[in-house]
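Supplied in structure tokens, the structure appears directly below.
As written, the chain order gives the labels A, B, C and D, with residue 1 at the start of each chain.
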Amino acid sequence: MTATPTEMMTIAAARLLSDTDVCFVGIGAPSAACNLARLTHAPKITLIYESGTLSTRPTVLPLSIGDGELCDTALTTVAVPEMFRYWLQGGRITIGFLGGAQIDRFANLNTTVVGPYDAPKVRLPGGGGAPEIASNCGQIFITMAMGTRAFVEKLPFITSFGHGTGKGDRAALGLTTKGPTKIMTDLCVLEPDPQTAELTVVSLHPGVTREQVQAGCAWPLRFAADVTETPAATEQELSVLRDLHARTRQAHGVAA
Amino acid sequence: MAEFVSLAQGIEAVVSDGCSVAMEGFTHLIPHAAGHETIRQGKRRLTLIRMTPDLIYDQLIGTGCAEKLIFSWGGNPGVGSLHRFRDAVENGWPHKLEIEEHSHAAMANAYEAGAANLPFAAFRGYKGVDLPSVNPQIRSVTCPYSGEVLATVPAIRPDAAIIHALKADREGNVLLEGIVGVQKEAVLAAKRSLVTVEEIVDDFGPRNANAVILPSWAVTAIAHVPGGAYPSYAHGYYKRANDFYIAWDKIARERDTFLSWIKDNVLDKGPDVFARHALSTREAA
Amino acid sequence: MAEFVSLAQGIEAVVSDGCSVAMEGFTHLIPHAAGHETIRQGKRRLTLIRMTPDLIYDQLIGTGCAEKLIFSWGGNPGVGSLHRFRDAVENGWPHKLEIEEHSHAAMANAYEAGAANLPFAAFRGYKGVDLPSVNPQIRSVTCPYSGEVLATVPAIRPDAAIIHALKADREGNVLLEGIVGVQKEAVLAAKRSLVTVEEIVDDFGPRNANAVILPSWAVTAIAHVPGGAYPSYAHGYYKRANDFYIAWDKIARERDTFLSWIKDNVLDKGPDVFARHALSTREAA
Amino acid sequence: MTATPTEMMTIAAARLLSDTDVCFVGIGAPSAACNLARLTHAPKITLIYESGTLSTRPTVLPLSIGDGELCDTALTTVAVPEMFRYWLQGGRITIGFLGGAQIDRFANLNTTVVGPYDAPKVRLPGGGGAPEIASNCGQIFITMAMGTRAFVEKLPFITSFGHGTGKGDRAALGLTTKGPTKIMTDLCVLEPDPQTAELTVVSLHPGVTREQVQAGCAWPLRFAADVTETPAATEQELSVLRDLHARTRQAHGVAA
């Protein structure tokens, strides 16, 4: 079995998670990654969805942030104001997952508009929980497929703050959390450079070239001194992930 | 004390042209039947308030009920865009829609402040982002002890709150359970409220001492509308109709398919059509 | 993840000389056994925080553990005075006690703000009363929208929170039920926490979807102390010992009867003595 | 049967309550009055205790604000921060009951200290919920036994605000609630004068003279133009109240 690029993105994200993590999970790749981790090497990982479900253990992936499955398998479910006040703002989440329509080289994200805010070319859904997930979680993992319309030189709108214009900007705003530390894409893994906070390719997924990665990014990408190859998906990772998706399809009657 | 009414009476009683309405429900228990009734009654110039506008507001916006939208995430969850919302914002169809945009944290805090009868809420948010530059309602306050500057949001105090709940008892008390979202806060923050329910029972019976209950004297009106959350869901009654959320993308993409769907499924129908959703999926829930 | 410990280990781990401690429980579930253990370990210079100091703090104050008290109502509920508290404030015995006094509304808001990681809370309070003139921590903030001036209180962020709860499961999750007071907020507001419980169960089993639960990763330590709330009560386990509350008035009125009671019932005993209160009254609960 | 002065105080308070009232109840006379009303003419009255119990219907009187009986018979029980934020500050309580160690002629109350705050002669329990009950409930009923140490010329400390120094003071502070409207004592009922807000005797309990009332008050008391006699306790009122106390004694093994 060989992983598809999307599977590789999910698996790379799952590997970063451990039993002691408390994750604020979004729908899609983050949800798949977190549950893959839970079903493989991190059975005790704590998953939280913004709908209020604490320590949830879904057997199939939810299609929405508030599926009944999340509530049924949760330790308990709290009201949404409590979720944002006591749990997210309370500083009790170690890892927040984010994605977006667009990202820049300092891992700032846009999910609000393309074009001017008052007369947008494309009106995107907006920030939702993202602005405060980005500032209140211990660190942020981002999952996004590459492409030059997604990895852009300049964002038309900053919906959630990554590293601003470079290292030190978070601290200058009084943020004590780490912000984005890992960006998992379908082609590679990037990390902010320790000196500049600019996103830097640290590993290429099996079979992916530097040229392919650059072709998916509108700014000239930096590569780490020692770019490695992302370890290939194991048989176990792939089969657990595919089983999870199959169970999900069966449960929902639709693709997850 | 809450009054028991029909859905049509309930919407007439709590929603008037030009008023502000919060129809809440966080994925779970979205009051879709109430949204349809609002469209049927042709309400106009509404300020619609909701964290996640979702299909219910796509329909209200597309039928021209809304003048303004206060929201924090406007998409079709897990599917993509809300096309009617986008058409209103991008092209002004059926007319221009004013928007007041916040984050989830801000909206959740704003409902909480409204329920607590406070004029604003302070929270740690919006650091380094662009929303405060386009929303003048995002301001700040300085902590009188630490000197820290916190973001603020005005309390949400809607004229009307509309929610869907699991059960009401004969006294008009309302039981919520599962993903309870911001519904209790929305009702307590509002001047008047309508609750549609799956079921009216004589008594809630044995329950957790800390069950989430809105007492009768905190609710204006209750209407019995089984299935009234469809295509959203009611925990223990019926499941979320994920296929309809997917189908909506196609229905709402074009103005004419949208309008013909509204005619066939909203204007030419009544609240009783929701009952079949409750029945047809009850066993699967 | 919460660690399972003995009561003595738990107090050693979370309470140190000079730290601030909130032992909460609103009439229900007051952590009396933990208070006794704190006295036995001879902790000193504590800042004690609690809405209703009650007998538990009368004992800690009378044995000289406290340097400062932050509170909102210091009486023996339904009985009268807390004599040891009064002796400390009126006569400086066993030494002077600094007090920081609030109202219940302020304290409840201050715990809530602490749990939410905010530096302060704003509320509508203290209009026309004298407390702000004697407590410089009562300040104000101006609403950035309405211009209204609201009272403020600094968030409570204790070094340690100690509560008593009904059950913990094997993973260290903690279940509260009934009159839940401010215990959840106190634990979430604190740097570290100790929860004494009536019972440790394999699994909480079927329960309300919105049960009041503190997850294991939000709790520092758990000690199994059946009866540990006596003379307060644990809902479904044993009732409040009203007769002891009445008896306390006489015990605590004089310094020598108080000290001899402490010697006989606290210093010369261990946490195991609480178990009989659970057993003896279980059937009556 | 003839009512004792304390019973008369409780009964006079109970008569003021109706089915549509939502009462914030304190322990002692208020609790007895509210439950007497509920068991006689106001079966649908809503009772709330600050421990978080909403719409509670105890069969015996609680000895503390947080007895299990209150929770067992409540519609539901909320956390204390919610009680003070959503319910009391939320403006959802029509009647709040207060008492105190001392009251002045404008129904301000002291439950904090006698003597200087920093070196008190008597340290009282403090305000508890009272300061915000006094400002956030629609109106306030006070129950207190008379005596010259309780009904004083000048309070050493204002714990909760009544009518300040007279009519208009509440409005000047931005308070939109009515404040104390009825003071039920063991000897008489007082109301703030409509023009001055000074407490004025409006009815004397059966057999009580003006001289007896004045003897229980340190300031020269005003009497209304038409002082009436408080209607005597009915057989039903007295028997229900005494049954309630008897049930309470039996349940608790102590006096209530």
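Definition applied: contacts are C-beta pairs under 8 Å (C-beta built on N, C-alpha and C of every residue); 3 or more make two chains touch, one makes a residue touch a chain.
The shown structure was predicted, so the numbers you read here are calculated from the model rather than taken from an experiment.
J.: Among the remaining chains, which ones contact both subunit A and subunit B?
T.: Under the touch definition, subunit A and subunit B have C as mutual neighbours.
J.: Pick out whichever of the two, A-C or C-D, is joined by more C-beta pairs in contact.
T.: Between the chain pairs C-D and A-C, C-D carries more contacts.
J.: For subunit A and subunit D, let me know how many angstrom lie between their CA-based centres, rounded off.
T.: 57
J.: In whole angstrom, how far does the Cα centroid of subunit C sit from the Cα centroid of subunit D?
T.: Between these chains, centre-to-centre, one finds 28 Å.
J.: Determine the centre-to-centre distance between subunit B and subunit C, using the mean Cα coordinates as centres, and give it in whole Å.
T.: 39
J.: Among the residues of subunit D, which are close enough to touch at least two other chains?
T.: Counting only residues that touch two or more other chains, subunit D contributes 71, 77, 85, 89.
J.: Pull out every residue in subunit B that's touching 2 or more other chains.
T.: Residues 116-118, 123-124, 148, 178, 180, 185, 207, 209-212, 235 of subunit B each touch two or more of the other chains.
J.: Pairwise, which chains touch?
T.: Chain pairs that touch: A-B, A-C, B-C, B-D, C-D.
J.: Quick one: which bits of subunit B touch subunit D in the complex? Just the residue numbers, please.
T.: It is residues 1, 115-118, 173, 185, 188, 207, 209-213, 215, 217-218 of subunit B that touch subunit D.
J.: For the complex, which residues does subunit A have touching subunit C?
T.: It comes out as residues 20, 22, 46, 54-55, 71-72, 74-78, 85-86, 89-92.
J.: Would you tell me which residues of subunit C are touching subunit D in their complex?
T.: 26-28, 51-52, 71-75, 77-78, 81-82, 85-86, 89-90, 101, 103-105, 108-109, 111-112, 123-131, 134, 148, 178-182, 184-185, 212, 233, 235, 239-240, 242-243, 245-246, 285
J.: Tell me, which parts of subunit D touch subunit C in their complex?
T.: Spelled out, the residues of subunit D in touch with subunit C are 27-28, 50-53, 63-68, 70-71, 77, 79-81, 83-85, 88-89, 112, 117-118, 120-132, 135-136, 157-161, 164, 169-170, 173-175, 252-254.
J.: Hey, which residues of subunit C end up touching subunit B in the complex?
T.: Residue positions touching the partner: 116-120, 122-124, 137, 139-146, 148, 150, 152, 154, 177-178, 180, 207-212, 235.
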